[in-house]
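Shown next, in structure tokens, is the structure this report addresses.
Naming follows writing order (A, B, C and D), and every chain is counted from residue 1.
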Amino acid sequence: MRWALGLALAGALLAAPLVAGRYELSVLILVFQFVLMGQAWNLMMGYAGQLSLGHALYVGLGAYVPALLWLHFGVSPLLGVFAGMAAAMLAGAAIGWLGLRFGIEGVYFALLTIAFAEITRVAFDHLPVTGGAGGLFLPVTPEGRAAWWMLDGGPVFFYYVTLALAAGATGVVAWLARSRMGFLWRAVRDDPVAAEALGVNLFRARMQAILVSSAMASVAGVVVAFYYRNLFPSQVFDMSRSIELILAPIIGGLGTVLGPVVGAALLTPAGEALAALVHRAGLDAPGVKAVAYGLLLIAVIWVRPSGIWPWLARRLGVS
Amino acid sequence: MIMAELLLGVVVQGVMTGLVYGLMALGLSVIFGVIRVVNFAHGEFAVLAMYAAWLAHTQWQLDPILAALPIAAGCFAIGYGLQRGLVSPFVGRAEHEQFILLAGVAMVLLNLLLMGFGPDARPVNLPYALDSYAIGPVILDKARLIVAAVALVMTGAVIGFFRFTRTGTAIRACADNLLGAAVVGLDVKRLYALTFGIGLACVGAAGAMLVTISDASPVLAHGFTLQGFIIVIIGGLGSLGGALLGGVLIGVCEALAGFLWQPSMKSLFSFLLLVAVLALRPQGLLGKRA
Amino acid sequence: MSALLEVEAVSRRFRGLLAVDAVSFGVDAGELFAVIGPNGAGKTTLFNLIAGALPPSAGTIRLAGERIDGLRPDAIAARGVGRTFQIVRPFPAMTVRENIMVGSLMRTPHAAAARAKADAVMERLGFAALADRPAASLTLPDRKRLEVARALATEPRLLLLDEVMAGLRPTEVDAMVATLRAINAEHGTTIVLIEHVMRAVMALAGRVLVLHHGARIALGTPAEVVAEPEVVRSYLGTGPVH
Amino acid sequence: MGGISRRGLAAGAAVLAMPAIVRAQPAVLKVGLLLPRSGYLAQAGQSCHRGALVAPRVLADFGMRIEIIDVDFESNVDMARTQAERVINAGAHCIVGPFESGAALAIAQVTEQRKIPFVVNIGAAPQITEQGYQYLVRNFPTGGQLVTNGLALIKDLLAATGAQPKTAVFVHANDTFGTAQRGAMDALYPRAGLPIELLDRIAYDPKAQDLSVEVTKIRALNPDVLLVVTRSADAIKLFRDMVRQRFTPKAIISPGSPGMYDEEFYQALGPLADFAITNLPWANFNAPMTKALEAAYTPANPRYRFAAECFNAGFTFEALLVAADAHKRAGTTDGETLMRAVKATNLAEHVMTGGPIAFDAKGQNPNIVSASVQNRNRTPTVVLPASAATAAPVLPMPGWQGRT
């Protein structure tokens, strides 16, 4: 039953471009991006219990580094992604080291992550090599000459790229959740003192979580850079980005493999549907949609504080 | 000599601006310090108060400094109701759940304000808004001077309330030892609602005062929240004097960085200051060690 | 037999209060050893010093001849010291089996092996039926057993048990005593336990250390220490009431 | 590129040669109008939107029929892209918007792939027309063009008034637009041949709550002229603090930026807003189409003055005009044909200052010229070029004190 359901879903996702229009694909591409970023955040917060409100930093570095490498040296983003990963992990290591070395936890740690994202934003606003606040622009190749190894292509191409990345991220989370590392992270999240008494090295466990999470988030950056083909520090590193990407995992269900998937699959289309609904109802006042979206968030967290997926899984009997 | 005079002027400006920042952060500190809930809708409520002050001025020619009192009262009621009706079940729950709740509140409030007042900044033009005093090389604006003075008085009043009134003492007891407070029969829910109300009243008064310096506009909200958050952490969780001190530190730090360095990079320095405080004195400058 | 654990003149001070006062004792490998004393005698602090949760203010602690004082708790655990907490600390969002697997994963990198090990430990402690329950839903006695199971799963040389019998019914106490005895016999696991349930102490411990106000006031077989007048005065409460 | 313009010409010729029966008006042109009407760009987005709202009526009077499908992309690039797709699904034959360069480039990829014309109303990043997009045109100057024209007008201002300022400081917001302008200034100022020494360039954070230190810094340099690139909220703060710190430059001139002509600027500053000068494309009030737009705009937006809003409203209207005119000439809503017609645009009759609207091979309109607009009695007033001027420029500006 479970396998049949999973296979049917996989088949539907693979076949979607045959039936879905471009608009639907563009929404799905967004969904997959949010799944990827949400899974990265889910690993760090949901599994290792470290609250980050600065994940835009890793996404942003993952966007800028491959973009710059491609722009200046013609390096394929398929290679550049690893450089972006390294940069993001370096930033994660710095934040993690500070936080762990000085015992900065909880809300304080969250603020530390915000501080680093903001510091990076201001720094990038002033770096000439990144185009500063004026932005970094990736040239567009004419249609027909788009090269997949340069991560260039139409919506169907990006649909499959983001689908693969989202599925890969979910697979990695599923694997990690059952691995030794995942167990230790969850132990540290639930009770660091007890975990340490059993022999878990807190520093190492938490650092691993930060590094894996920042690396995964940086992959989403490559898509941001090469899908939109322009980067501005004030957009890429903005705190609202960090906040946007944590909504799906929380609403879907933190610390579960499918929570971020369910969250993204509900929230992004919900936002689109609200926009369309508001338009159709003739309530074309700017802000109506955001009010409705805010009320939706309040309602969901009120009714299902631990997220929709754990509840749904119980109802479906697939927990 | 000229440089020294200029620097003195810049530092004084930083202190004044910082006191305004501190005043803005006071309400966040009250709520965060007692209920341990980060009010992510902090900035939105400040903007709400700014619009209220704008309305009071355009409709009834009420000076924002006078309007601050009824606006604070209104915000108190909103805060009390909000805690009772919405936030209460989330007290003591995971931070991310509180976060989503209040981020949702912020989103609703901000966009209601956008729908109600539009995106254009709403100015309150007061006869004294552009007055300033020159004391030697230092120039002091009248509006900032008034707001800074109110910041000091208000902080004193709130500290006094928490120290010398029965309710205030009871609220502090809740903050220090929740279980103990419940055991000795304090109505924690009511006290928390009062605290949220008082916190929002501070935000309301601060927002109302702020229109003497800055125009009401929805785009301000995010900045207020983030800055308030930083100031509270730097000053020390639950320390009201700390909020003021944190504000002044940020104000002076940004003013000096802006003057001696590039102004567009000044926020960088407040974040670096924050990182330094987190690392070296995580409980904040005036906070008690946990 | 050589001493597995050697505690020498260990003290711990909390802001002027001497919680552990120059305590010395040794525990031999394979021994069953109890620490008793009235509330506030410093028993749990002593455990925290041995397990590394607190650094001692003075003195040395050796495990199999190597100094372990000042090491981090995880390093001490890695050397084979398992402990339980008096105020239980389960991993609430994880199931009972997963809780125990965290322990067994300290000795194997493979989740499957760790799972098998966890199942064996659960079987041994008699709560295999609870394997898939979230730890947060357990009753207090079951949580105490979970503490023991989790520590056991790390295959410790030295097991520090902090009041694991408290709240158990007499039959359950007997079962736990039997289990600990069996573990001790089969694996040669050295067990040091803090216990208020005298029935268990008498049945289990070969030697007993008595602490009072942080200081050692007696050390010997259960029968010996019970006979000490000072122990009786301080602990058993048969002396004059102060 | 030459090939493209040849193709464009051929297409234009083909359109002209079509028999009249085919050129009969098909169904109305549906235009997807993407603007940031909420979020952090809401002020500008709604300002543009006000101009667009009256456009169908005005265009109808000129014999062009359009229908607007409104979309608010919430100042969010993700939304800009998905909404572009949605609005095309909803039947839009072309897209107009989006006020912001990042969103423009996100939308451009959609329109390029779907072969739908995209007319950029406002967005100054030079890269928009440097990316080789075939389905994009921009009826708005690039940052470089703005600054070039802006600096040339400063020269004219000095000549017209006889003012001889010696020094200047350039102050700009460190955002996308401000940084682009800074880059243009760095490149162009030395070659502009202005007899004014540029003492320093100061970048400020547009998110800053307070600009008093920035003003202290300017005051310490004591320049004769303040060159500014701002947005209105920052401009208001800057002016208030100059008044408080009693610093009066001889002139405050923007070489091409919003800020000092927005309605909220006048509302907030009253008489203090006067005499500031902005050099940028402006509505040509002598043009019949401008008069028609103003006549429609004023009753529809009683709370806003067309004189203060004509920049956003004018460029947004013109973008719609470009689409409507192309549709009229092409006689079809088919994307490819429509785009050929857009590229062949040659509109002598329009709203903003400058020559006829036409696009070069890259899709850029090179014919836009700036005017010098000075605030007089809280109204932006064209003072240069003389041909369009309704008043003479005043330099140096009077002090803050005693203004009414």
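Here, a contact is a pair of C-beta atoms (placed from the backbone, for glycine too) under 8 Å apart; a residue touches a chain by one contact, two chains touch by 3 or more.
Predicted model, so just to flag it, every value in this text is computed and none were measured.
The fewest steps needed to get from subunit B to subunit C, moving only between touching chains, is 2. Seen from the C-alpha centroid of subunit B, the farthest chain centroid is that of C.
Annotation: B-D is the more contact-rich of the chain pairs A-C and B-D, by number of C-beta pairs in contact. Inter-chain centre distance (subunit A to subunit C, centres taken as mean C-alpha positions): 44 Å. Subunit C and subunit D have CA centres that are 76 Å apart. Computed from the mean C-alpha positions, the centre of subunit B lies at a distance of 37 Å from the centre of subunit D.
The distance from the centre of subunit A to the centre of subunit B, with each centre set as the mean of the Cα atoms, comes to 32 Å.
Under the contact definition stated at the top, not a single residue of subunit C touches 2 or more other chains. For subunit B, the set of residues that touch two or more other chains comprises 111, 114, 262, 264-265, 267. Residue positions of subunit D touching 2 or more other chains, listed in rising order: 37-38, 42, 45-46, 174, 203, 205. According to the touch criterion at the top of this document, the contacting chain pairs are A-B, A-C, A-D, B-D. In the complex of the two chains, the subunit D residues touching subunit B come out as 37-38, 40, 42-43, 45-46, 174, 202-205, 207-214, 216-217, 220, 232-233, 236-237, 240, 243-246, 263-264, 267-268, 270, 272.
Looking at the complex, you find that subunit A touches subunit C at residues 178-180, 183-184, 186-187, 189-191, 193-202, 255. Contact residues of subunit D toward subunit A in the complex are 37-38, 42, 45-46, 70-72, 74, 77-79, 81-83, 85-86, 88-89, 101-102, 105-106, 108-110, 112-114, 125, 127, 130-134, 174-176, 178-180, 182-183, 203, 205.
Interface residues of subunit A facing subunit D in the complex, by the touch rule stated above, are 21-23, 26-27, 30, 122, 125-126, 132-135, 137, 139-140, 142-143, 154-155, 228-230, 232, 234-235, 272, 275-276, 279, 284, 286-287, 289-290. The residues of subunit A lying in touch with subunit B in their complex are 45, 51, 98, 101-104, 106-108, 110-112, 114-116, 118-119, 122-123, 125-126, 239-240, 243, 246-247, 250-251, 254, 285-288, 290-291, 293-298, 300-302, 305.
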